[in-house]
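Below are two complexes that have chain A in common, paired first with chain B and then with chain C.
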Partner chain A sequence: MIRVENISHSYGEVQALRDISFEVKKGQIFGLIGPDGAGKTTLIRILTTLILADQGTAFIDGMEVQKEYKKIRSQIGYMPGRFSLYEDLSILENLNLFAAIFGTTLDENYHLIEDIYKQIEPFKHRRAGQLSGGMKQKLALSCAMIHAPNVIFLDEPTTGVDPVSRKEFWQMLKTLKERGITILVSTPYMDEAAMCSEVALIHDGQFLDIDTPEKIISKYKPLLYRAKSSKNNALLKEIRNSGWTKSAYLNGEFVHFTVEDLNDVNKIRVFIQKQEIEIMEFKEVNPSIEDCFMDLMHSPTE
Partner chain B sequence: MKVLFFILEKEFRQIFRNKAMLPIIFVIPVVQLMILSFAVDYEIKNLKLTVVDADRGVYSRKLTEKFTASGYFHLLEYTSDNEEAANLMHGWKTDVILVIPNGFDKDLMNDEVPLVQLRMDAVDGTKAGMAAGYSQAIIRDFIFELVGEEMISMNKQPEFLYKGEVIPINYYNPYMNYKVYMVPGILAILVTMVGAFLSSMNIVREKELGTIEQINVTPIARYQFILGKTIPFWVIGLFEFSIGLVVARLVFDIHVEGSLFVLYFFTSIYLFLILGFGLLISTVTATQQQAMFISWFFLVIFLLMGGLFTPVENMPDWAQKFTYVNPVRFFIEVLRGIMLKGAGFTDLLNQFMLISGYAILLIWFAVRRYKKVDN
Partner chain C sequence: MKRFNAFVLKEFYHIMRDWQTLLILIGMPVAQILLFGFAISNEIREVSISFVDQDNSRYSREIRQKIDASNYFKEGVEIYDTQEVESYFRKGEIKMAIVVPEGFAEQLVNEGNGQLQVIIDASDPNTASLLSNYIQAIVQSYLDEFNRGAKPPFFIEVRSELVYNPELKGAYLFVPGTISVIMMLISAMMTSISITREKELGTMEVLLATPMSPVQVVLAKVVPYLLLAFFNAVVVLLMGYFIFDVPVNGSVPLLLAEMLLFIVTSLALGIFISSITSSQQVALMISLMGLMLPTILLSGFIFPVENMPLPLQVISNIVPAKWFLLIIKGIMIKGQGIAFFWKETLILLGFTLFFVVLSIKKFKIRLS
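Up next is the complex of A and B:
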């Protein structure tokens, strides 16, 4: 459904994308996962025909993004990272406008967005600018879906949205996926990777890995430990100073660190105890996508 | 067509919901038309006059009286101290110093040419120019009367009385009423300002808010988007112009001499020109602030060199040439022509060609510059 071939793009001196290639099959949720500035938005804007890539090409449903951009525009849905609907128009007015631009009406395609729209319909006369983050997000998704697109592109749809709405949102994406719609979604939240059929870990304009979330985790090699203290920052510093860890970083309320073998773990434990840092927890854990990301980021070539 | 209709509906909704925009559209033009027309008056009265009379004769006193009787001058100081007068001017107290030298009476009696000196405070050039004009007229009158009297009393025919004098008659504005002259010009300025500002802030506003991102991925055509952005301001511009005409009629009693149809025809085309200009700025800028500054830059030049504040004929040669690319100049000519002289379409053919030519050029550029894809 989406095929990207060797795309590179730069803004002046800054290389935003370096030779990216991948493919997304129909009816998949493809997650583009990486920190801010990794190149997620640039890639999405190239695929939605908003910018022209310096090199390489891409096809949406067999249509080339530079030559057939007009056809593509009528068949894709796009939800930009920043809320881009008219804040001075009401929910209903926004929907009607975008329906009209695509040559359809709200009534005609009501069934397509019903699940999502129903939740905000009681407020349909409220101006978009007065909606909460979660409601804005639902409206934006409704507007992106109003013309029955085959593919939708969502640029960080869950950024700045509360955890409950985030969960609801992913549930909505799942429903769309079941209807056969292909979804390309970017997110900086690593925990959302598990909801995708396939993910690409992107960092500094390059894909670190691209696979199903399960496989990415199963490929993780080092031993991963987590530790917790009342002074996590000091703990992290000492773990790094010990010299037996490959990498160590904060992960939520824990410090994660990787080691080559079990001997090193014990050495680290002894080292920390000498520093008189109270340890509240110290155990081996299974890696998450974030741990995979950190590991891949630190191993330059594979 | 249906898409265009929806976009127009959206634009009008947004304009009327914008709390900051409504006053700009309705209140400001009326207020400005009233304030500017009443305030901009080139007639200068009560110029402060200092007379340095070194002669203290009959005629020097008569000349002073003639100055004060004219109504243009107010006698501040009557002195024989040159130094004092100079200090008064230096201290911003007097605008004009008239120096009557010793021997003024005698010279007049002996048929010699008497010399008087006029000194103006030229910090305000317009005022100094007006003061010089009034003074010369008064002195000329004074000598004219004096010589006339003398000749008659000596039973001689004063020869130059027959040489005749040029008496100007002001056509189309018989009493040189500045309001008659200013109102059409200010009307032109208002249409220009409202049109240019509103349209230049519009597309760039969508850029700044990010809403253009969503519009750009839709299959909407460029012409639909641009037309959707232009037509509302075109309608508003014509509406403003009509308010202005009503104000001109009710407040200043200025009737349109020519045909209303021709007047609106020209205004419609001129509005397309101004909207094209605004759209072009809107497409090359990234924020409303940039758009505002660039519009100001051009508008200030266009308005000041439009022939309203300084007649085009008074400008230096290079500046006169520049006014050929200044649309405001032509629109002021058109409005004055139609409103005051009753000019018809054929009288304004040149202006028509220029205005419509620039309109097409600017809109073409604006559509070309507005791209839905960037690099």
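Up next is the complex of A and C:
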């Protein structure tokens, strides 16, 4: 459904994308996962025909992004990173406008967005500017879906949205996926990777890995431990100072660190105890996508 | 077409919902016309003067009556000593004092010439020279009556006939001027701000990813402002006609057509501005400095173009309002037909075409 071939793009001196190639099959949720500035938005804008890549090309449903941009634009749905609907228009007016732009009507395609829209329908006369973050996302998704696109591109749809709404939003994406719609979604939240059929870990304009979330985790090699203290920053510093760890970083309320050898773990534990840092937890854990990301980021890419 | 209509409707929503801006847009022309009409006026009407009659003769009393009988002056405080005049000027109670010196009548009768002294507050030089002219005219007409029957030895009378605006009304100047300012303001400034707002808010990005072309987006945006500007221009025209007796001597349909042309020129300018910047603030600054100021100062609205230094005269040629003012004054005041200003009309058309083509070239089908 989406095919990307050797795309590179730069803004002046800054290289935003370096030789990216991948493919997304029909009916998949493809997650672009990476921190801010990794190149997610640039890639999405190239695929939605909004900017031209310096090098390489891409095809959406067989249509080339540069030459056939007009055709592509009438067949895709796009939801930019920032809420970009008209805040002084009501929910209903926004929907009607986008329906009209695509030459359809709300009634005609009501069934397509029913699941999402009915959650905000009771407020349909409220101005978009007065909606909560979660409701805005639902409206934006409804507007992006109103013309029955086969592919939708969502740029960080859950950024700045409360955890409950985030969960709901992913549930909606799953429903769309089951209807055969291809979804390319970017997110800085690593925990959302599990909801995707396939993910690309993107960092500094490059893909660190593309695979199903399960496979990415199964490829994880080092031994991963987590520790917790009342002074995590000091703990992190000491773990790094100990010299037996490959990498150590903060992860939520824990310090995660990796070792190659079981013996090193005990050496680290003793080392920390000498520093008089109280340890509340110290155990081996299974890696998450974030740990894989950290590991891939530090290891040289093949 | 349905798509276009929905978009125009959306623009109307934007304008209607921002009621503060709407109020300013509709209220401003009315306020401007009333300001120009009543407050900023250099017409002479009921100016306070004092008559210092030290002669108290038949002639001095007759002159005084003659002056009082005109609508231009009204007598303020009574002053008997010329020394006091200045203090009343300072207090701003009077603008002019007419002093008839002692022995005025005697000299007039015996020697055939009398001398009146007129002291004028010239802190506003334009008004001062007008006052001086008026008083000379009144005294001259008194002298004419006085001399009737007698034959002066030698006499040339200069009779000026003021055509088109015999009463020298300021309204003849500011009604066309205000129309051009209003149309420039609403069409160019509001359009450029409204287009750049879409860029700033990111809605342009969403629109670009739809089958709607940027040209369609901009055209749909322009429609409501065209109507609004036209409505305002007609309001100003009606106010001029009914409140300040400014006539439309020429053809009304022609006038409306030329106004429409100027609105389109302004819209093209607004679109052009929005194509070179993506910030509302910058668009506002360019509109104010680059369009509004020249429209007010260089178009001949306030200062006659012929009196400007040569470089400014040259610059005034690229101010569309200059050409529009020539056209609209020609129609309204002189009652001219298209034969007299087809050149100016062509120039406006040229401006419009130039900016439309330039903007279309700069229109982007993609971001940045």
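Rule of thumb we're sticking to: the second predicted complex is superposed on the first by the 302 of 302 C-alpha atoms of A that agree within 3 Å, B and C clash if a C-alpha of one lies under 4 Å from a C-alpha of the other, contacts with A are read in each partner's own complex, and residues count from 1 in each chain.
Just so we're on the same page, a contact is a pair of C-beta atoms (placed from the backbone, for glycine too) under 8 Å apart; a residue touches a chain by one contact, two chains touch by 3 or more.
Quantities reported herein were computed from a predicted structural model and do not represent experimental measurements.
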Chain C versus chain B on the shared chain A, clash or fit after superposition: clash
First (chain B), second (chain C), both or neither touched by A:Phe169: neither
Partner chain in contact with A:Leu52 - chain B first, chain C second, else both or neither: both
First (chain B), second (chain C), both or neither touched by A:Tyr117: neither
Colliding region between chain B and chain C, picked from 9-17, 45-53, 63-71 or 99-107 after the shared-chain fit: 9-17
Chain B and chain C footprints on chain A, overlapping residues: 48-52, 69-70, 73-74, 76, 78, 80, 82-89, 93, 96-98, 100-103, 143
Contact set on chain C toward chain A in their complex: 2-3, 5-7, 10, 13-14, 17-18, 201-203, 205-212, 365-368
Contacting residues of chain A [partner chain C, same complex]: 45, 48-52, 69-70, 73-74, 76, 78, 80, 82-89, 93, 96-98, 100-103, 143
Of chain A, residues touching chain B in the complex: 48-52, 69-70, 73-74, 76, 78, 80, 82-89, 93, 96-98, 100-103, 143
Of all residues in chain B, those that touch chain A in their complex: 2-3, 6-7, 10, 13-14, 17-18, 209-220, 372-375
